[in-house]
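Shared between the two complexes below is chain A, which pairs with chain B and chain C, respectively.
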Partner chain A sequence: MTGRRSNLLYSQKIAPYVFVVPFLLSFAIFFVYPVYSAITMSFQEIVPGEAKYVGTANYEELWNPSFLKALKNSTVYTALTIVLLIPIPLVLAVFLNSKAMVFKNFFRSTLFIPALTSVVVAGTIFRMAFGELDGSLMNTIVTALGFEKQRWLGDQWLALMTLLILACWRWMGINLLYFMAGLQNIPKELYESAEIDGAGTWKKFTRITVPLLKPITIYVFTISIYGGYAMFTESYMLWSGNRSPKDIGLTMVGYLYRSGWEQFNLGLGAAVGVVLLVITLLVTVIQLRFFGLFKKED
Partner chain B sequence: MDSTRKGKWSIQRFGMLLLFAALAIFALFPLATLAVASFKPAQELIRFGLNLRLDRELLTFDNYVHIFSPETFYLKWYANSIIIALVFTVLCLLLSSMVGYALAVYRFKLRNLIFLLVLVIMAVPLEIIMLPLYQLSIDMKLINNMWGVILPFVVAPLPIFFFRQYASGLPKDFLDAARVDGCTEYGIFFRIMMPLMAPAFSSMAILQALFSWNNFLWPLIVLNNTAKLTIPIGLSTLLTPYGNNYQVLIAGSVFAIIPVLIVFVFFQRYFIEGMTAGGVKG
Partner chain C sequence: MRKSYLVLLSVVMMMSLVLSACSGSNSNAGGNESGNNAAGNASSQDANNAGGASDGKATKLEFWTFQQLHADYYLEMAKRWNEANPDKPIEIVPTVSPFDDVHNKLLVSLQSGSGAPDMADIELGKFPNFLKGEPQLEPLNDIIEPDLANLIKARFDIYAKDGKYYGVDYHVGASVIYYNKEILDKAGVNADDIKTWDDFAKAGQQVLEKTGIPMTTLETSEQWSMWLQTAQQPGNNDLLTASFEPNLDSPEVTKVLKWQQELMKSGVAVGAPGGFHHTEEYFGFMNAGGAASIWMPLWYMGRFTDSMPDLKGKIIIRPMPAWNEGEPRSAGMGGTGTVITNQSKNKELAKEFLKFSKISKEGSIATWTELGFDPIRSDAWTDPAMKEPNKFTEYFGDGIFDVLTEVKDEIEGINIGEKTPEVIDAIKTQTNVRILLDGEDVEKVLKEVNDTLK
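Coming up: the complex of A and B.
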């Protein structure tokens, strides 16, 4: 009996299921259940030991200045990181890939180094460099250039700029690598035959490079949206724990953290999570609708 | 004609070199200021913030001496981070490679569904479910426990995806030969496929270890006992408006980057493959 059972366990039919059991378990416990529970909680008012159904009250409560500010901050941040962190690394990748470039590996590695640091370390550096003190790095630079010193983390636009510089610092090298990996897949013959047809550098770039980098560009675009809306640690570090003046640095996840962990309003926090989930799904659906998931682009 | 062309190239080359030199400075400058600051007395930092000013007389190793002294928790955090990174990486690689391998090699019923689920998990950020996940961790007694940091993310979608892609590209004709020789399905995986997938294991080991080492949001939520913290969470607790612990913060930050930089210098290729794994085309 046991012999037969162990034979079955070792059979080619059962083996794949044994291999995926850990995944299925972890998926059910740490993904399906929390997603289900987030949706349920968002319709409840939760006090210790008791959960009461309150309909859409949590969602109605979200219509408040702080949340709208967080939504706006996250959206503007996401949009601007896309504007900066797709075209610039793409062009840099083309430069770095060109025959005329020297020390390619050195530059590729150097630009990648910021990505190795944790957001905590990066945030510490930027918080001090963009401090409001006269002697802080940024104020030393702007006063040397003849400008007034600034309260970098106290003003809406300067704060956004600081977050964007931080994002560029950490992500430029990674996105550059993505585009360089994409460039490796473009056959050289395309450029050669284009040259024979008399195409110049610009034409080759717009007619060959950009269209053939489309799959990788879509990928970078998608992860930038997810990453942009999920941004929290940067703001947490720059304003020592989610406390920016007039919420200039508050993000969606920051608001979720505030309602869930600082104000113990679990229902409201869960509702923020569901809004984020909807944004994520929208992005995914739009992406599928326009670009397809498994479609071979080449 | 040839000479003018050469001239044009060298101007281009010079321009690009200048551009990339500027970018390299932008990349390294903040880290350089941090390294410089770690040798300055903490009062200087509180008074002037981060800058490159360097007074010979003020230079001191005190900050580093301080982080290794028993007054701080820094070494404890370091040990916690190392243990969590090791356990997490080993378990994650083992479990994810099993799934990726099964998806690549076997034709079984749930195959496509599981692959789709992997893609779905990749698209849903942790932030969305962290509140219920936190409740669940309380119920499972995982708060302030290293398993609470590790377990929810140990079967990770990106490594599964990566291992699947890698295993799909390996030859499979010898699988049947191995079966004829009496090798079990699990024997094939552990004795034959695992060694063949070594490069994939290297890339993913680096990626997951780095993720664990730098991970912030989830450990911040699960760990709240000072002695149990990992380095990033520990350091973040020091960034108070009163600045009373800046020497640990600065020297501790530098000391946390050093092992990563060392591994990066020696295993760059795997770093780069691991970090860009998500862009691998299916």
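Coming up: the complex of A and C.
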């Protein structure tokens, strides 16, 4: 009897399952169940006191100008953040890693500190800095340079630019950190032997640094896709509410919030969420396949 | 790094779950900790000890709001209640959270059937969300109907569904116009000569020519400026028709926005800095004498006293101009209804207390003396207590109530229905900016936007 019990306790077959149970439980309760219930809700019309199935009506309702605008905004924003927030931190990381660089620690910390501020605070400060009044920071700068003052948050492209500046300011340091960590892992010998073979700085960068940073780049790329499509707080703070003129700052999550909460149409909100999930999933899978992540490592 | 933020976030959420679970059994401390925002925390806890009879016999009533002033008000009224009813003392346990949070949390707890407070504040623009389907709120007909003769019925209809009243407002929200007298004097304009909106536009021209200052600001990302002007027109339609259909392409709204567009083009009006009349930019602009007037409901007085201190003694309050002389000069606008949820264990007591604090004549008068609101009971308006000085008479001078009594019979109601949140979203993001800032054709924009709302 005791033998069997101790067998059971020390069983090598059971132990792994016991160890992963806490994770599986929390994953099931906090992830699988909400996703499942969001998918169910997206086929329902939910009003207090009752929920009834309405087929695909919520998805059909999605085909409206606001949603398409939100989809476009989020996609353009995501694409541009990727264009900006991968090459620039990569190059900066190489600079900060180089022996010739002075004040390394100073630059490292100044670039990283924005990531520690709250989006709410940063967004509010940016709203003031990019205000439309003569006295706002940006208008003072452009008028001093001899340009007309602008309604920064009232124009499609200026608003997008403001969102991108905010994103760069905030995330530059974090992506930089990833790339610097990656650079530490590249063996010095590779550079030395390349030098012996007569490679210049540019050759070393393109032939050694960039290829060897590929795993890090893929990781940054993946979280940037998610981060871009999930952006909401920045836009919400910049316009002090979900109310950008002509929806120039409306994002997918902003539309989810508007339909689900502001208009209390939880079914439609859930449908937006499901579509968002499908889009990010698709883009990520395509991207990973493009980078060859599903192939066996050579 | 982003991942670790997520981890942090989920830990915080789990903590708050645990904390709010505590509040069920040990309601005072736990409830305050989990829900209050930092600013509200200290003061409402202090007030708790002062406001409730803490001998353990008092019935606790939990109250959620987004406005610290409202929490303070009920604490004060609980004190008065306990003096008047020593046999059934109550203790108000307020939780003050940010605007969106309160409404979202309340929706979730009502939807899920547990966790809701006894009483809560719901803002008018959000109220229709709570009336969808079968309202999870307690009908208040038995405390409202006996007094209906003295109450301003329009303020109860906006919180009603199928003949049942669900909310009690704090005020009428009669709209008025605030003039900066200093600027008008410089331009040689007498506010009392402005009777109609045409007069207003002409006076505005004069102000602009003489002083270079715009006559007013118009909201480009919110609804108040245009909603007031729409609702004050005779007839039953405003942003919604009387049968609660979106009404943006109607003659009423078209007239208002055409008039506003003209004013913007001539420079007599400018877009409100920051888009609406509650932004820091606007407060700073107006405080520095940036525009000569603004029309808003009476509750906007508090924004002047709190956020535009330099205008003290310079602002005069008048009835709004009418569209034609003899037509109504005001509309009851905005508001927040206190509701009792169907999850309350002390519904009857909560109802009695609600009646005591806002529906009774004494309660009604207190909404003015404590909060500076125009009471929902018309017989309170003429009470001598309304003449006593407070921080508003100090700022705006005496006679605030004379303006109100003057327009008493001209306060137009508004239509609030399930479509209201959608219509307001469309105004915030589409119509006003396209018409007022981009100068697009009024009829075309309104038709296009209204069609998407149906």
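A few notes on this one:
Basically, the second predicted complex is superposed on the first by the 259 of 298 C-alpha atoms of A that agree within 3 Å, B and C clash if a C-alpha of one lies under 4 Å from a C-alpha of the other, contacts with A are read in each partner's own complex, and residues count from 1 in each chain.
Please note the rule applied: a contact is a pair of C-beta atoms (placed from the backbone, for glycine too) under 8 Å apart; a residue touches a chain by one contact, two chains touch by 3 or more.
Note that this is a predicted model, so its numbers are computed, not measured.
Of the two partner chains, chain B is the only one touched by A:T117; chain C is not. In the superposed pair of complexes, A:V54 makes contact with neither chain B nor chain C. Set against each other, chain B and chain C differ in how many residues of chain A they touch, and the higher count belongs to B. When the two complexes are overlaid on their common chain A, residue A:Q263 makes contact with chain C while staying clear of chain B.
When both complexes are overlaid on chain A, the residue A:K246 reaches chain C alone and has no touch with chain B.
Once the two complexes are laid over each other on the shared chain, residue contacts for A:L92 go to chain B alone; chain C is not touched. Within the superposed three-chain model, A:I186 lies out of touch with both chain B and chain C [touch as defined at top]. When the shared chain is aligned, chain C comes close enough to touch A:P65, but chain B does not. In the superposition on chain A, contact is made by A:T284 with chain B only, not with chain C. Contacts of A:P34 after superposition on the shared chain: chain B is touched, whereas chain C is not.
Overlap of the chain B and chain C interfaces on chain A: residues 30, 115, 128, 131, 133, 174, 177, 223, 240-241, 261, 266. Within the complex formed with chain A, the chain B residues making contact are 9, 12-13, 16-17, 19-20, 23-24, 26-28, 30-31, 33-34, 37, 45, 47-53, 95, 98-99, 101-103, 105-106, 108, 110-111, 114, 117-119, 121, 123-136, 151-155, 160, 184-186, 189, 210, 213-214, 216-217, 221, 231-233, 235-236, 239-241, 249-250, 253, 256-257, 260-261, 264, 268, 271-272, 275-276, 278-279, 281-282.
Interface of chain C with chain A (complex): residues 1-3, 10, 100, 103-104, 107, 110-111, 129-130, 132-136, 220-222, 273-275, 279-281, 285, 421-422, 425, 428-430, 433-434, 437, 452.
The residues of chain A lying in touch with chain B in their complex are 10-13, 15-20, 22-24, 26-27, 29-31, 33-35, 37-38, 41, 92, 95-96, 98, 100-103, 107-129, 131, 133-137, 139-140, 169, 172-174, 177-178, 181-182, 215-216, 219-220, 223, 226, 229-230, 232-233, 236-237, 240-241, 252-253, 256, 260-261, 266, 269-270, 273-274, 276-277, 280, 284, 293-294. Those residues of chain A that touch chain C in the complex are listed here as 30, 46-50, 64-65, 115, 128, 131-133, 151, 154, 174, 177, 223, 227, 239-247, 250, 258, 261-264, 266.
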